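Below are two complexes that have chain A in common, paired first with chain B and then with chain C.
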Partner chain A sequence: MTTITIENIKKSFGDADILKSVTLDIKDQEFTVLLGPSGCGKSTLLRIIAGLETQDSGVIKIGERDVSALPPRDRNVAMVFQNYAVFPHLTVFENIAFGLRMKKVSDDKIKHNVERTAELMHIEHLLSRYSGQLSGGQRQRVAVARALAVEPDVLLMDEPLSNLDALLRLQMRSELKNVLEESKTTTVYVTHDQVEAMSLADRIAVMNEGRIDQYDNPDEIYRNPATEYVGGFIGNPPMNFLTSPHWSNSAPDGAQKLGIRPEDFLVSMEDQVGYLPVQIQTIEKLGSHQQLTSELEGQGLRINIASELPVQQGGILFLQPKPEKMRWYDVRGEII
Partner chain B sequence: MKMDTNNQRESEPTPDVVANYTSTKKVWRWLFISSAAFLIAWVLFPIYLLVVSALSSADVVNGWPKSFIPEFDLETMTFFMNYYGVLAALKNSLVAAAFTMIISIGLGTPAGYALARFDFWGKEAFRMIILLTRAFPMPLLALPLAVIFIQVGLDDTLFGLSLVHASLALPFAVLITASLFLGIPVELEEAAWVLGCNRWQAFYKVVMPLALPGLTASAVFAFVISWNEVFAAAVLTINNQTLTAFLVQSLSASPAEVKFAGGLILILPALLFLYVVRKYLFSMWGISNR
Partner chain C sequence: MSKKAYPYVLIMPSVLFLLAFFVYPFLQVFAQAFTHSEGGLTIAHFETIFYDFNFLPSLKNTLLLALVVVPAQLCLAIGMALMISKMEKGRDTVLYVWTIPLGISDLAAGIIWLGLLDQNGFINSFLFHVGIIDEAQSWLNYQNPWAIFAAIVFAEIWRATAILLVILVSGIGLIPKEYYEAAEIFGANAWVRLWKVTLPLLRPSLQTALILRTLLAFEVFAVVMILGGSNMPVLMGEAYNWAFSYRDAGAAAAYAVVILVLSLLFTLFYLRVLRVPKEAQI
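What follows is the complex of A and B.
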């Protein structure tokens, strides 16, 4: 049982409050992604879990163990870095064996573990090479194998795919997903790429300026963004937010903004009862659908519509937001 | 029609211009090569003369006219090496240089590591002050130092002299090692910490092996600085003279050929060591050799 309990973690560098009281409960074997733009504190939180940074206040527990004051080496975690951090003076075998050697594991067990993880990451043919002789993708595999070989309680990954080119990233993403599912290790994964987060995570923690806005499974995050910020960050294009739409009579008390995803409209070419006219400004044909930028009563609105609809730039389109998809947000930007 | 021809003249360079251009390029190239050759000769010619004279017999060194074909005679060298005090001075020089190397690497490596890895109060001031030790000329420092050394009983010891030489070598050791450690990604250390190392183990197992060639270069540099230093050595040692001090004091009255032999013995290790570590010296001075 390896849960991670993060309670009221605060951290500031000089005047900048990087983390403002972060609390997070991660379940055993769960894959949690910390998602947010750069500077939101996600990497700092990961480094605090690893013990590479020290929190100003708050408690970190791995399982039942309070690790708040322990150095990294005593936390039984493993970490994969963005730039791989494969030791250049050691062979791939010795890189993967490094953590085991530090634990004074027997040679037989080292050999067994190294070969098993190398096989898992498909690098068994590279064991005698040095990092200088490897490609970026291969180095990444070595870094992951090195982390898994020590059989850590917790696996921490800091944007591990962001240095790979697009195609390789896709391939590694699905491979990583399989490997980590198999290893059943509780994982915390940092990224700024929402697609990566959505596709990998059991639960995503969306971070915004040192706080966690929402911590939930990907579907829930997409369908019911807890804050305006989450709705605006997740989804491409993001959720539309319309200020005080007078045409809607379903607004609850205190509602300030209506949030609605681009695909959640009923669309008509003719005026019908309950439909709103919007003016089309730009049309982007994306094959599977068309993405429109339009204007409704002076507010920008992005809509995805079926690709066969004969819309024209400057033309008028009639829309009705699907009632069950409408989300309302209060003055503070929180969902009602 | 007139306009057209004008346009054409402007858009295409005439053969004249092209010829001018290539000949300018040729001139620059020639200038570059000749100044490079001049600079090389500036350094190599004295060394050549030194080597030839040191390996010639006394008659040839002092005689005239000079022959173009250098002779090879070990008589002077043998005489010099058997000259009373030379071997002892040579040994002293080696010992002092070794001490200097140990002190400046022993102190310079941690200081360089601190400069590279930590932000601490007064870091920039520290960097400046380290260079300041090189701002005072040795003649200015040597006499007060001699007085202090006599007071604390360090006078005429190789250890005392090594301390002075280390103070000359330390700024380089600190700055070279700092840039070495800066070149080693901090993530490598962090990875080692997470994988079970404490700070010292991570340094020993990961940083050290990567920095070793550079550390060696910086050690050799410290060795050469001590080996070449004359003034402090001459002032601070009497019985335990290093080779440089010995040569300055004992050989001023010696015949020319013996001076040449002494000079050769002096420059050989320095040349050899600098040649071995040239790659690292280039990189520390910001010159790429690729």
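What follows is the complex of A and C.
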């Protein structure tokens, strides 16, 4: 239970600048997700917080403590790895107890902590087994239990769900959310999966080529993407970006592009004032709504419309963006 | 060809080779050890060697050499393998250099070390010219059995540590680095990581390396022959003497069987002690 302060962290491997001056303030008990595509530096940042990598410059503080130069074992962090890293030569009990044994905690306390966290993760019946006898999902539970058992200041998770199959991932996601909320541990979680990020995070840090483009709560990130990159990365399908559309009369100075989410259009089958015609290229019926790929003035446009509207491929539809949902971006791709 | 038969067909040539050139001759030796020269079963050959005055010294020397050489080599090889695994550049080069002694026959290795340690050898001349000693010393004679022993230990360590090394290097390479990172995060320093992660996960490789090296230690011969001669009898040397000096093939065969029994016992010991249950493997 503590804050994490990350100041001007830089890291390069050879010629590649992986992190270009990253600054991040994580509050006590907050669940922060580092989100971005592979290669954006999110795992490197997590590993720097853990102490597994050393930053080229910058400061990491956990609480008031400057841990920039400390080895991982002196930072009082715990980590859950993508490949679980559950020791194959130890039983589940000894795996969960590993960190406590290193701290030379009394046997009673070890037993108590192991049993408590095992129960929390629903693996209390597996304590005498070896990792080779467990499924992927069970191993993941052991890895989480091992991390929680040491009662760390900070819990770090590196794509912990990405090796699980889709159904299991959903189940583990909600379970993890409950367990972590209860544990009240400050958590940093790395993923490339935006749905995972949106559903788990108190705040998401969207990373783009070694920088943090936006650090905010999921709603804010979805509604007001700070950059064109964030709008294009979050949301499925992503935000539309239109260059100098006819709706520009309300545009502020310096506006280069209009950003508008696919679901934020007023739709009409007939021409009306302020509406523009788009040609429908493909229709995907998704049950709850229809997803259209269309063309407006030579630019591609994705639209979500109600499933009952009788649209046809090759047909024309009239659109107007909801005024309160329009976002404007300048030349550098930043929101105005 | 059916898919099931395929693996067996592939290993067939090597199995045939082993049967023809190892198992068959060995069965012959085994039979010879228990066969009277006029035919018929006997344990006379074993009586011959057991009552020979060289049997107990040779058994003692062989076991003692193995007991000193193998653990020393094991520690060295683990240290060297850990160093190599941490290297980012030039790793192959160092490994090749360290394995050069493996390419030299044990006879040649013995001669090299004799060349160094002999009364007219390099070390004597060096010490003499530097002025540390006034005259050349004879270290390797019957008055200094411990010097002979030490020389053999050195030569064996120099010659054959790399066998363990190459096996351990490949074994260490198989351990995923996440285990070390997890151990580091959860509070283990380098020493604890070695004992709690590396060595337990290295058990299969340790087992292979130790079995191989110990068996070879029981067959130690040429190096001892060169550096110790008759002052340091060992089992394999006695087998050689009975076969070629005393012209008693039966007794030589009996020695071979003694070496085999020792080897089997130690192999079983390693298999038992370093056993990794199937569910606890990587």
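Everything that follows uses one rule, which is that the second predicted complex is superposed on the first by the 333 of 336 C-alpha atoms of A that agree within 3 Å, B and C clash if a C-alpha of one lies under 4 Å from a C-alpha of the other, contacts with A are read in each partner's own complex, and residues count from 1 in each chain.
Please note the rule applied: contacts are C-beta pairs under 8 Å (C-beta built on N, C-alpha and C of every residue); 3 or more make two chains touch, one makes a residue touch a chain.
Not measured: the values here are computed from a predicted model.
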Looking at A:V105 after the superposition, I want to know if it touches chain B, chain C, both of them or none. Which is it: first, second, both, neither?
neither
Identify the partner contact of A:P72: answer first if only chain B is touched, second if only chain C is, both if each is, neither if none is.
both
After lining up the shared chain so the two structures overlap, which partner does A:A85 touch, if you call chain B first and chain C second: first, second, both or neither?
both
Could you tell me if A:A145 is touching chain B, chain C, both of them or neither one (first, second, both, neither)?
neither
Tell me the contact category for A:L180 with respect to chain B and chain C: first, second, both or neither.
neither
If I apply the document's touch criterion, which positions on chain A are contacted by chain B in one structure and by chain C in the other?
50-52, 71-73, 77-79, 81, 83, 85, 87-89, 98-99, 102-103, 146, 150
Which residues of chain C touch chain A in their complex?
176, 178-179, 181-189, 192, 197, 200-201, 203, 276-282
Show which residues of chain A lie in contact with chain B when the two form their complex.
50-52, 71-73, 77-79, 81-83, 85, 87-89, 98-99, 102-103, 146, 150, 156
Which residues, counting only chain A, touch chain C once they are in their complex?
50-52, 71-73, 77-79, 81, 83, 85, 87-90, 98-99, 102-103, 129-133, 146, 150
Of all residues in chain B, which touch chain A in the complex?
185, 187-188, 190-198, 201, 206, 209-210
